[in-house]
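One structure coming up, written as structure tokens, with questions to follow.
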């Protein structure tokens, strides 16, 4: 079993808040991350898949195919967007990195499977000090 | 002459656009960076000052003092904020990194001078591929 | 299950040596790392916890709480200190990064548990080429 | 159980191609990576071993011994070399990073065992966006 | 005056050698870098231009235009290529990073000028420890 | 004129203090950096030289020669040492990074000149947030 990881990046705005809470309640729980005028990040995304290398090509998966899947299913939908307002796969969820990792897993999993590999891990770095991993 | 550099970081939302242009005109010039719903970055800021090391302390400037100046004059005003809507020193300016570098220079220059050193350079990295430097 | 990682840093002095060995014996085993006049590092620490995101807040744990635990239990006790002489939780242990990782695990584990999450991994980078991971 | 990781680097030329395919077939599958005149990378290699720290020395393995094993068994044979033409342990294999990770595992495993530890993971970064892990 | 820097990357094979020297003479001067079977690197390129920000757009130059110039004039010609054999702008020159920096300056300078800015610096990192800067 | 930079690293202990001040006075000025039991850092050193590339070899200076000079004149004397107690070229100076940069310049300048190049810059990073540059 071999693990292959592709790194991609996206820049997006977001805000941590519950629509059923007042701005004050949101501020108490989420602090400056609940700023009503938004803030943003350069998110770094690592997608890890696993599988046996194909004897014919020596690859778990052609990394250009993996890259295209990530661009089409994730980056094109979230880069330079507002995560709360514009990203369909995050609608109805709190815009935490935890929820983002799960949602990106769900976006990618069927396409990776179709391409003959297994999704193993979604890792997202929100800042150089904070990151999240999700293994399905 | 010695050059001393302090690195700080801030996360903010912004949008590239002119209020006197239509959304379409803005999109033609600024592309996805003019998204009306904002996007954001983890900005990295390097502030370089210059001077002679004090014979008594061996410092150009105590770096904790430089850090406090940057936090008070810049980071507290811009971190987790919307650069277009909430950052006073960027009002009336296009929210480009070029203009941000000049505005941060102007914010810091008097305090650095008061502390006995000379401001030398403001460097801002917007993404790992794009950065700006300004030398006054 | 989601994994959340917080990075913190500390700078400390240390020396690899056994008090029951001569300086020469220490030098034979630990080389330049046993220098009696100490040396030091910028250690990088990654603390990973795991848990289910709370449905109410979307977090495994509020990362500011995790940060406060790490600062109070580890960083305040070790940053700008001598690991062999001044760090209580390393007394009676060889000042290797292996032992440091285990000791930091023990420092953090009860507080992370109290905060409702599970400690998953302590990773310490001593230099850009050498690092240690401990999973309890 | 403690995990110890050593990072090393090597620069090498390679080409993705099957000798039983035409240049055109190779180009269709491997794209620009099959360039007949070669291309190259700065590969980064992380070798992770695991074991109990020795009570006497506090180490899983003296990292200088691990470094010497990696230099002798891998770096000296591959650094500033052509992977396809000159690296004995890659003969008869497609020069993918997947195959490289498996081959390096096989090169290192007996020596790490002899030194009293267990090989845990070979991670190779081919570019800052693409990496491979192999756990045996 | 504002300085704007764009980072791009390319992976290429090369060999340090003079065609009018024997392999032995080349090895004496260039060491392992003269390996007749080539080796390669992940080169990192920083292109810095300077100018006044346009009052209308707030940019020294639209960074997407700068990116397109670098891709067309440099990256498309050198990425996944053999610098000695295939890169037209390096023909007749020793494949050192010094000569590469000068050649890339010459490739970019007319297009940057046409776009209304001034080329300021070409920086190339060959490995994480070795880099070259050229200011024209 | 071409600028060539070599990066090297060293790990050392130090303490900021004046022998003619009390521990309390030292603490007031230098804070936790004056800890009598020392602390330490992984220092990163960039040495930049300048010159014309030799027409014969295409180098400003063979970087292996520059590396040897830095290892012999600086790294061997300071790595895994106590800067205050054991580094001859820092005796009688406050162990600030400013003074370290000047002292390293003085150590390297004659040898770089002898090798036919000019020393241009000494840059030292003490932590990822703090660095010093000196241009002679």
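Lettered A, B, C, D, E and F in written order, each chain numbered from 1.
The rule is short, and it goes like this: contacts are C-beta pairs under 8 Å (C-beta built on N, C-alpha and C of every residue); 3 or more make two chains touch, one makes a residue touch a chain.
Since we're looking at a predicted model, the values are computed, not measured.
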Chains touching both chain C and chain D, listed by label: A
Chain A on chain F, rotation in degrees - Cα superposition, rounded to nearest 5: 180
Equivalent interface positions on chain B and chain F, same or different at half: different
Intercentroid distance (Cα basis), chain E paired with chain C, Å: 42
Mean-CA-position distance for chain F and chain E (Å): 29
Multi-chain contact residues (two or more partners), chain F: 128
Chain-chain contacts as defined at top: A-B, A-C, A-D, B-E, B-F, C-D, C-F, D-E, E-F
Residue ranges of chain C in contact with chain A within the complex: 1-8, 48, 53, 56-60, 62-64
Interface residues, chain A side, partner chain B - complex: 9, 11-14, 32-33, 35, 37-42, 79-82, 85-86, 127-128
Complex interface listing, chain A residues touching chain C: 16, 18, 29-31, 93-96, 98-99, 101-102, 128-135
